[in-house]
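As structure tokens, here come the structures.
Here chain A shows up in two complexes: once beside chain B, once beside chain C.
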Partner chain A sequence: MKALNFLTRTRSGRSMDWTDWLSYTYLLMGLFLMFGPVLWLVMSSFKTESALNEFPPSFLPYGQKSVAVPGEEKMKPVYRVKMPDGTTKELAELRRIGLTATLIDPARPDDLIRVNIKDREPVREFKLATENYTDLGGQVKFGTYLWNSVFITVIATILTLLFNSMAAFALSKYKFSGRSAVFLLILGTLMVPPAIVLVPNFLVISELGLLNSLWGVIWPAIATPTGVFLLRQYMLTIPDELLEAARMDNASEWQIYWRIVLPLAAPALAVLAIFSVMWRWNDFLWPLIVLSKNEKFTLQLALNAFQGDLVTQWNYLLAMTVITLLPITIVFAFLQKYITQGIASAGVK
Partner chain B sequence: MKTSASTPWFFLAPNMIVILLFTFVPIAINFYYAFTGGVNLYPNQRPGVGVDNFSTLLECGSYFDPSTCRKDVFWQSIWNTGKYAIFQVSLMVLFALITAIVLNRKIIGRGFWRGVFFYPVLLSPVVVALIWKWILQRDGLLNAAMVGVGSDPVLWLAEPGWAFFWVTFVSVWAHMGFYTLILLAGLQAIPADLYEAAQLDKASPWRSLTKITLPLLMPNLLVVVVLAMIKAVQVFDEVFVLTGGGPGTATTFVVQFIYQTGFVEPVRLYGIAAAGSLLLALALVALTLLQLKLSNAEKEGERAK
Partner chain C sequence: MASLQLKKIIKDFGPTRVIRGVDLDVDDGEFVVFVGPSGCGKSTLLRMICGLEDISSGELTIDGVRANDTRAADRGLSMVFQSYALYPHMSVYQNMAFGLENTGIPKDVVRTKVDAAAKLLRLDPLLERKPTQLSGGQRQRVAIGRSIVREPKIFLFDEPLSNLDAELRVSMRGEITGLHRRLGATMIYVTHDQVEAMTMADKIVVLRAGSIEQVGSPLELYNSPNNKFVAGFIGSPQMNFAPVMAGHGDSIVTAYGETFTLKTESKPASGTALTLGVRPEHLTLEKRDGSLAMPITISGVEQLGGHSLLYGTLPGANPGADGPRITAQVAGQVATKIGETATLYAPPEACHLFEASGEERAVR
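And now, the complex of A and B:
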């Protein structure tokens, strides 16, 4: 009983009652439902093409063993065959016609062995199909897509931080007529959903000659109202005396912004940077409209294009999906606290 | 550079130019598009057509039967969006509320559990759609389970009813964590002594839920509902990748209609797309005003506390 008491002890010191059991059951179900699908994706991405076609699927990446056969271009599946003399042998199957399978011993490629398909069963082995990942570059222009995604994410985030912090600096550290009007104007853009300005923005971008250019994705994305709001609220807490003291020392306004306010606003900048990276990395609708050429695709667009192909090569698609969610997952694993706090305080995602 | 009247404007300029160019100018152009016709993208080559685009969209035998409408897909997408918004928002808020209440209890490893429910929020819509497409496909995990318990496999995304269900389910899965966080913040603002008093009075957990938690959380809940509505009305990405709007038009929503009219159809009717987006904007403005009203009421309430 003591052990049970220990195990069912809760943080408040009392032992578990039915509401606690209910809570933990709910949480475990949540864990299964929220992480399960992602885990399944990762597991599947390590399966060979033939293992992916198996039904019912296995959880771990098991697949049929295959070997190279002299004179054959493709790897051939290996079967355990019951020979007419009662022994069993592992043989590679060349082809199957009707009920008859033609197999071969890779060591002695000249003897063809024909058996009824009932007398053979596949040899399975644990196999991580890392080639799904390593072949990506050869199969699709993976490097190009990755570069496009990284370029957009990094440049847009840098520009977002610069432009938004400049605006926030003006709105928090200067008194001028029109200040609240400007602030409201910027915040008002929160209410303009991207879907509404899809068509005219397309015109603006094409007039600027930015169609099928990564800059066409970057420019419209960087003046985020959330960023200005977040930074302004934070800069308000920086004492004005610091700025006055610097002005006494003949610092220019740019120096005050660059050398004093910006470093002090680093925590808020970090939060905005995390958000910006996630926004831009995950962007879909706007890049979909601006970037129509294959060599300009971001990872998200490439994923979308491949899943729409007539014959979906799931093994590569799954591997690419895993790579696409990897950076976000890493960021989340290390910065969960900041992300959730940022969302709770600004109420935006 | 000395402090002068122009200094703040110097700092504001880059941000303002971007907003002007990519938000305010487009809004103005959008109105122009909505009242002009033809297939040209360039405004000076577009003839004015008055309210024709709107009347084309709104021309309907009966609004309850999209097939009698001139733009049947538009009305189908409106009905779909309405249905989706109601189901998705109520399911999502319900589960977000349950999750927030559970996370607000004295549980071991709260940070971890919070992360579990929040993680899908950060995944891109394309990734979310592909994760589920892989599970729901013909030879997928779910059908393996179906066969395992002895029933027939189902083409989940090829049957209109199921496709709609899964679209709703997947978006609840993907976005629930965000609303959970907001509700959790609301729960944490409820003073703990209220619960202690309830415990002294030997109130059942159910009673303290219905008499303390829910009434005090109501303002947050209302805001969350409206916020979720605003998002639901604009649903596009996940659904577009998951079902492409199909089968048929079973999961075609308003934003997808705008996207297809303006960018996919061989004859690109920008005017119709712009008019459609203005109608959508109208709905969003109404919802946003409602939200502002509710969150003001919430602030007033807090001051009164």
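And now, the complex of A and C:
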């Protein structure tokens, strides 16, 4: 109800003003432009391979209707047949030889009907090709890729939060000489394009023997200047008196960090966690460089590998793309409040 | 419970000296109030005592043991902060138990101690609430409760009532002094409000610009201030000051030409510039023998029913010029109107005299 009220709000609160028309048209166009392709992708991921190759393409996934015929193991496709007497019937096709198709009425399985293939038309119905999803495991090592992606995302995010918050704690709550210099140095790395550090990073990872290891993807990614900056700015707003009170309360510096500062920085940590999940999940270039063995691929790499040189199994590729999109979509849907808050409070994207 | 000694305590922030050699003894069970205008160093001094600020030089002893380099947590003191500094993500119970848990005390002992403190402060129905769900006065009590459970040697309070509204401030004042009586603990309390200082303290320490101006009981400070600063700071409304000059013998000549007799021990030389101080509540409208007459032009009248406040100016040294502003608190209700002239009388036993220059020490 609340959502409906929100969606039908007008400028004056009563009838539609021309500005309302304008803004709603604009918004709907934006919705169509941005959401249309995603919707098309989801719909297409439920199409069979042959339906994908159809022209003109259909929006909804259609497939040929099929029925079970007594005495036959497989489901048989259903055709609409123009009978010699002028009537039309829906019959199941048993086989087709040359220009002659042998059909059968599932209700009367004893009568075989032979017609010219020109006289029959496939019966189409709305049908979700869920096998695109259910067969994925058999087609590719989907479980392995998913595990690799999840492992990298979760571990890298936890480590990012831990290390960045420790740096931010020191930079915001301790006074030491060179503090602003260190902070500026960390911020300065934002200005170094990632492509420049790609090769040095690769050499380091290679020397450490971390090539083709998931840790080789995780370690270089966890220290982020954005994260340190975001958390530091937030931690500056935590009053020093709380830390002093904790110090009087016999808390060690680690306890102050762990039991006072971290819980209080939770909103900023949530924002960074969302960012980190998105960064790591969508990361493509760095994993592509570090991971070359198929069993170490992340979902993003697997998607890339799916596009073969000669054949591309579009139905599986699309299904996998949808699955790859899902976690980010869910993260966004449930945590968008924090994301906007985080962007607004830290002024970073 | 403990005693505390400060010996020549100095604090430098870079090149700025904010505490300039403070000597002070706090006895066991005393309620000591540090009072002074903002920026006088009273909070810094308190933070040095509790260990949150380093001591640049001098010696701090607690129970006769040097504590300069002891960690804040190990000094056995507790502090109530101006903003209360309650941990917002913890419940009242967790807030009070945090300090005990950190010292590794068994859980059931912590429970007993927190429950006892909560009962003492009437917090027991609120133990599961978060600080944001409490009123200002309740937060204040939680902050005090957090101090009590640690059974500190000395309680420190840093302007704890300044965030409360006037009514609550009065009742919390009573609660804190009541607590002091019940626990018999040593307490050091920082405030810029001289009313709090007067009503709560066993001993007031008046600070200005990092130095102690005077230490004494509230009435000592009120009756015989060491200097003009203390005289002006203690008492409300503020003491009136008027420039005068020492005449022959015990006579004093005011700027507007009035002469009267005021006995002093030090007998300042004739012609010495002095400042006369008299409290508003000691001025009367009835003439008495030997009183100093102060003719003022009324610039404001506040009728408060039981007593009235008269504001006015004395005649200046030159005819026509305005002299110093005078406030008088007279009993009952007055018929005086703005613009009229009235004569106030200051009885000699209520008059203070200060040097007009230098440290402005009290002459009488």
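Here, the second predicted complex is superposed on the first by the 270 of 349 C-alpha atoms of A that agree within 3 Å, B and C clash if a C-alpha of one lies under 4 Å from a C-alpha of the other, contacts with A are read in each partner's own complex, and residues count from 1 in each chain.
In this text, a residue touches a chain if its C-beta (ideal position, glycine included) is under 8 Å from a C-beta of that chain, and two chains touch if they have at least 3 such contacts.
Just so it is clear, the structure is predicted and the values come from calculations on it, not from any experiment.
Asks: Do chain B and chain C fit side by side on chain A in the superposed arrangement, or is it a clash?
Replies: Chain B/chain C on chain A - fit side by side.
Asks: Which holds for A:307: it touches chain B only (first), chain C only (second), both, or neither?
Replies: A:307 sits against chain B, while chain C stays out of touch.
Asks: Taking the superposition as given, does A:273 touch the first partner, chain B, the second, chain C, both, or neither?
Replies: After superposition on chain A, A:273 lies in contact with neither partner.
Asks: With the two structures laid over each other on chain A, which partner does A:199 touch: chain B (first), chain C (second), both, or neither?
Replies: first
Asks: Taking the superposition as given, does A:170 touch the first partner, chain B, the second, chain C, both, or neither?
Replies: first
Asks: Report the partner of chain A that touches more of its residues: chain B or chain C.
Replies: Partner with more touched residues of chain A: B.
Asks: Determine, under the contact definition given at the top, whether A:260 touches first (chain B), second (chain C), both, or neither.
Replies: After superposition on chain A, A:260 lies in contact with chain C alone.
Asks: Now for A:244: first (chain B), second (chain C), both, or neither, which partner does it touch?
Replies: Touch partner of A:244: chain C, not chain B.
Asks: Once both complexes sit on top of each other, what is the least C-alpha distance from chain B to chain C, rounded to whole angstrom?
Replies: Checking C-alpha atoms only, chain B sits 8 Å from chain C at its nearest point.
Asks: Can you pull the chain A residues that chain B and chain C both touch?
Replies: After superposing on chain A, chain A residues 247, 252 contact both chain B and chain C.
Asks: Enumerate the contact residues on chain A facing chain C in the complex.
Replies: It is residues 239, 241-242, 244-252, 255, 259-260, 263-264, 266 of chain A that touch chain C.
Asks: Under the touch definition given earlier, write down the residues of chain B that touch chain A in their complex.
Replies: Against chain A, chain B makes touches at 1-3, 5, 7-12, 14-16, 18-19, 21-23, 25-30, 33, 41-43, 98-99, 102, 105-108, 111, 113-127, 129-135, 139-141, 143-144, 147-148, 173, 178, 181-182, 184-185, 205, 230, 234, 236-237, 241, 244, 255, 258-259, 262-263, 270, 273-274, 277-278, 280-281, 284-285, 288.
Asks: In the complex of these two chains, what residues of chain A are touching chain B?
Replies: So the residues of chain A in touch with chain B come to 10-12, 19-20, 23-24, 26-27, 30-31, 33-35, 37-38, 40-41, 44, 53, 55-57, 162-164, 166-167, 169-171, 174, 176, 179, 182, 185-186, 189, 191-193, 195-204, 206, 219-220, 222-223, 228, 247, 252-254, 257, 278, 281-285, 289, 300, 303-304, 307-308, 314, 317-318, 321, 324-325, 328-329, 331-332, 336-337, 339-340, 343-344, 347, 349.
Asks: Under the stated contact criterion, what part of chain C meets chain A in this complex?
Replies: 50-52, 72-73, 77-79, 81-83, 85-89, 98-99, 102-103, 146, 150
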